[in-house]
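Below: one structure, written as structure tokens.
Labels run A, B and C following the written order; every chain starts at residue 1.
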Amino acid sequence: MIELSVKTTKRTQAINITSQIARVVKDEKGSLLHIYTPHTTCGLVINEEADPNVIRDIMEALDRMVPADYPYTHMEGNSDAHIKAVLTGSSVSIPLSGRDLNLGTWQGIFFMEFDGPRERKVIVTII
Amino acid sequence: MIELSVKTTKRTQAINITSQIARVVKDEKGSLLHIYTPHTTCGLVINEEADPNVIRDIMEALDRMVPADYPYTHMEGNSDAHIKAVLTGSSVSIPLSGRDLNLGTWQGIFFMEFDGPRERKVIVTII
Amino acid sequence: MIELSVKTTKRTQAINITSQIARVVKDEKGSLLHIYTPHTTCGLVINEEADPNVIRDIMEALDRMVPADYPYTHMEGNSDAHIKAVLTGSSVSIPLSGRDLNLGTWQGIFFMEFDGPRERKVIVTII
């Protein structure tokens, strides 16, 4: 188990953590990589990293599906972030071939901040 | 593989199963905990357990995104539950350090009933 | 790690890959089955396979939640497919008992094409 840090600088922000994860993996061996975030207002997503407009469209679609200004019950003003965290999920997992990550040609791993800016943790487990 | 039971009492209901899961894990050792539900109208979610209004906001947001009264094709009247099951997912997984579950400070594990009341199964696997 | 092929014939299409997966699993032994797709405009879902109207309702609900004709930023005309890929996810995992897949009575495994027709890959890992 390896713990990484991700620093976010905006309220909502997609950060490409693929190379940070790849650096961890290259010293380990296994058949599955598991990436987990122990927070409740952010998520992890695998999608296209080539054109940054793709992850922008994804982030904006989540904003439209889960409006920030709805009269939620929870009084901290971040229920939208909790809901988006559920829709994206707290973990992703990717098959490994020895030390090689089996990401597809266009795939990158994104940390999705929905209630930043914050200092976040990501836990990497290799099985 | 350990099988647990979850009894739900309403049509839609979020049940915090964190302590039920923690009891199972404390007698086992591994590096990853996998929790699975073998049903098609419920889901599993990791999110805040401190303020119960958070999971209530999550459940109500799913209700708005997937209205129960839409004219669906499936004739059993529970298509909304199947769709919510897809949005939340049939499994969650959490890193383990020996016998310790690496849940974050605010995280709890919730069984999400979308078509209850029912007697449900949850399958716990430790790797 | 075993690589399978899935050929899709429409732009959006749910393909039941349960028996294709079961054939792979019957020659292997393990405690967890992991299924992954290395693409960014499709997803994997576990839900009811008995009535095909269920997966049709799921696909159509995703169409309503993520309209294809919204003015997205990404210029390839398939942002809706990327967003649906995020909502469904790039992997599913199912507990194994030796060679037996612990799918529930009604559960099937579906490959969700959101930007076909294409020749797709699915990577199966047994742990």
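Criterion: contacts are C-beta pairs under 8 Å (C-beta built on N, C-alpha and C of every residue); 3 or more make two chains touch, one makes a residue touch a chain.
A quick note: this is a predicted structure, and the numbers were derived from the prediction, not measured.
Contacts between chains leave no pair untouched here, as each chain touches all the others. Chain B is reached from chain A by a rotation of 120°, derived from superposing Cα atoms (nearest 5). Mean C-alpha position of chain A lies 20 Å from that of chain C.
For chain A, residues that reach two or more other chains under the stated contact definition are 65, 87, 89, 93, 127.
Within the complex, the chain A residues that touch chain B are 1, 34, 36-40, 65-66, 70, 72-76, 79, 82-83, 85-87, 89-91, 93, 121, 123, 125, 127. Chain C meets chain B in the complex at residues 31-32, 45-48, 51, 53-54, 56-58, 60-61, 65, 87-89, 92-95, 97, 102-107, 127.
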